[in-house]
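The same chain A turns up in both complexes below, where it pairs with chain B and then with chain C.
Up next, the complex of A and B:
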């Protein structure tokens, strides 16, 4: 277990060395935060209580998602491309002959990255948002703690989905198509474009049941206290179940991939 | 009798590939027999060279030995373990260097990469320190420990990689072209290091390379593989006999003369002014040839040239081609 701790720590440090990229990312997230904030203000002044949020909650949604965007890799940028590239070039050979578990290794590395990006890319946009707009941030530290737990569960789900997608590279050497589809699904069904609560009817119900909603929609709802009490337990259970199912599927696929499949390159 | 540490028995690896055939878009399935029935055994502590032309199947064999590729047929054991079935268990006992790839972490200083390797293999602190110190000294890594891997030159990175493969005291070390791209000084350093690891720690070493000087300086035994088949397995000297190689006697005469004739066992292959070249079988003694020439010709100077191992192997592979194409 200490190995995976070290892997996470070194991944954290690695992302910490990309200072310019971090600064550029913070800038972009903040700018987009403003654009989306004014868009949401326009929307919510026409339709107050859209999706069950008041305007302050909608703005909190905007700035929290900007703060989580990099950590949850909602627009890409996580480990997925790196793992796919290693499979495509055959560098995966090096990971495979080590006495370490491939899935845990990449999970640890991805959590290290996310931890850095939550701090490095998240704090500033959220602080700017809170200074410039009227947000519905909770005052209770317990709610913040629940939020962080929910973010962690969301990271697990996000990792598990992307790990499955990345492993398909063992069979499909050109992963561009799969990447595009999975990127779009993630962008929309995580709630990065619009909160999933605004979609009515069966479509909205289905969208909120899919694993992507565990990555952003659910953690933000936990922060907003929309589903406190029994609802909070429900949120954790929802995220936890998806995490377990998808991580288990990843293990299964990993077993298949490493047993049957060819490592590329000389 | 020495017990075999690495054992291959009729090992095969067949790749299935899809190729575009002709101008049509239809893709045809075909198979590549990368390794085509190879058998050999390596006892513990031996250092063997594993050579052959591009595409012969060397890297494929190494991958099967590490367990990351499953053989399509045959039986393979390393330390009694079937590598592809128990890859992770075997992994603690082997070290691998793939010359074209790095095991190090691109953005981390060398030192941090080693710290991770230490965790991966659970190396006890004292042993880790001692091993690292030895590697740093012998591979001259001292000045590089704080440098991120992406800033290392190819040769520096390779030395870093070799050290990384040895920190956990592996029982066997697979080296797939470890001297690729190294300068003369670094090559010598790496060779000296490998010789020491092999003799002091008793590490079994399987070495793949296109630089035959590596083989000459390190390995007593060499295996030659071609088109996935083992075409030679034996001592380095035996290669000369099998390859029908020739040594060359270069003689300087007092003046220009017609090609030397009538020396039994030798033939004149080249004449350039007063200098002439005589070829004779590598296994034969040079003494009678020298005295036969000295008896009958005004000899000023002479020198003897050993056959280059490259030529020997090239000749062997060519004659193998000949044999193969002769068989329908």
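Up next, the complex of A and C:
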């Protein structure tokens, strides 16, 4: 356990090193926050209560998703390309004979990264949004705690999906195609373009059941207090189930990969 | 006869681009798939706009076909700029690992090499997706066409591409100073593109003023598109400004050239 703590801590420090890049990312997230906020205002002033949100909640959705974009690696980034590259070059062999579990190692490293990006790239955009717009941020610390728990579960789901995608490199070697498909699905079905509650009809119903909705839509809904009591427990259960299923699938695929596949390289 | 540096640079650019296209075409299936992927990824924001219009008939007073005209022009401009100059955003990496030195010793203008570096033909995906939306918009709009308007449309797309291209070059110049800050320019290019896809009426006046007078993005498509649609612009600017796109584009390119030169002069190699 201490080992994985150390991996997470060093990953946190690694991302914290690039201060200018972080500042640049904060600036970009803030600019996009402003642009999207105005488009949401335009839509919600015509259709108040669209998707079950009032305007303040819709704006909170915009700014919270900008704050979470980097941490949840919704636009890529994170460990995926790094792991793929190690599989492609054969460096993965070194990782496999380390006395540490491959999946837990990368999970710890990804959580360390996410922890930094949540603080480093999340706080400022959310604060700017709260200063410039009328947001529906909760005052109860309990809701914020529930939000953080939901973010953590969302990060687990996100990691599990990206781990599965990265492991396909054992068979495909070049991950570009799978990356593109997975990036596309993530962008659209996480709710980072539009809240999934706005998606029409049965399409929306399906979108809200998919694992990507656990990465952004569910945590933001928890922050907005859309569900309370049993509904909140349901949100956690939804995220927890996807996290368990996908992490288990990752473990299975990892077992297959390490048993059946000849590692690249001399 | 001595060739001017511009001709020399353009020829080098074409040669390097040709080399990268040949290398891309070695893997045809992969190329086709990445173009398709690029097409779909960029299409997603149009899907988002369509979902918005599933819930409403007008956004900021604009109907769906009018927003599609804004979307098509902005996205086509960005797509063309990204296709021809987008590689310049990789400059920060070359500064960091020191490989820019190789470009400096070659007898070709550095900007031509940087812009053609790893030329990605797959970016045609965005251009074709944007043009498709533009064609759809034009076919469903009832515009009172005049020769002036018909000429304004292609000129708008091209000068918009030049404005975005100038932003990319200026951004590349900035990366000499702040190597890790490559993301800042995304705010202006991709962020600007997202903004221009929507009607100017939905944004705060100060924001619209900012993208008119500080970063002249409004000339990419807002002002000319409003003229084509016979609409007033929210700032009430004089009408001749709608035709100022090409002049603004030339001005932007000139300033971007200065920024690029200043950046290149301040370059210190990592020495490795």
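Just so we're on the same page, the second predicted complex is superposed on the first by the 266 of 266 C-alpha atoms of A that agree within 3 Å, B and C clash if a C-alpha of one lies under 4 Å from a C-alpha of the other, contacts with A are read in each partner's own complex, and residues count from 1 in each chain.
Assume contacts are C-beta pairs under 8 Å (C-beta built on N, C-alpha and C of every residue); 3 or more make two chains touch, one makes a residue touch a chain.
Please read these numbers as outputs of a predicted model, since none were measured by experiment.
Asks: For the three-chain arrangement built by superposition, which of chain B and chain C touches the greater number of chain A residues?
Replies: C
Asks: May I ask you to decide whether A:226 touches chain B, chain C, both, or neither, giving the answer as first, second, both or neither?
Replies: Touch partners of A:226: none, neither chain B nor chain C.
Asks: Touch check for A:14: first (chain B), second (chain C), both, or neither?
Replies: first
Asks: I'd like to know which partner A:3 touches here: chain B for first, chain C for second, both or neither.
Replies: Touch status of A:3: first partner only.
Asks: Contacts for A:148 in the overlay, against chain B (first) and chain C (second): which applies, first, second, both or neither?
Replies: The answer is neither, since A:148 touches no partner chain.
Asks: Quick check on the superposed pair: does A:91 touch chain B, chain C, both, or neither? Answer first, second, both or neither.
Replies: A:91 contacts chain B only, not chain C.
Asks: If you stack the two complexes on chain A, which partner ends up touching A:75: first (chain B), second (chain C), both, or neither?
Replies: neither
Asks: Mind pulling up the chain C residues that touch chain A in the complex?
Replies: For chain C paired with chain A, touching residues are 30, 33-34, 37, 40-41, 44-45, 47-48, 51-52, 54-56, 58-60, 178-184, 186-187, 191, 194-195, 198, 202-204, 207.
Asks: List the residues on chain A that touch chain B in their complex, please.
Replies: Where chain A meets chain B, its residues are 2-3, 6-7, 10, 13-14, 17, 90-91, 93-94, 96-101, 258-260, 262-263, 265-266.
Asks: Which of the residues in chain A end up touching chain C in this complex?
Replies: The contact residues of chain A facing chain C are 18, 20-21, 23-25, 27-28, 31-32, 34-36, 38-39, 41-43, 46-47, 50, 174, 176-177, 180-181, 183-184, 187-188, 193-194, 198-200.
Asks: For a test of understanding, state which residues of chain B touch chain A in their complex under the given definition.
Replies: 15, 59, 63, 66-70, 84, 87-89, 91-92, 94, 96, 98, 100-103, 105, 107-108, 112, 115-116, 119-122
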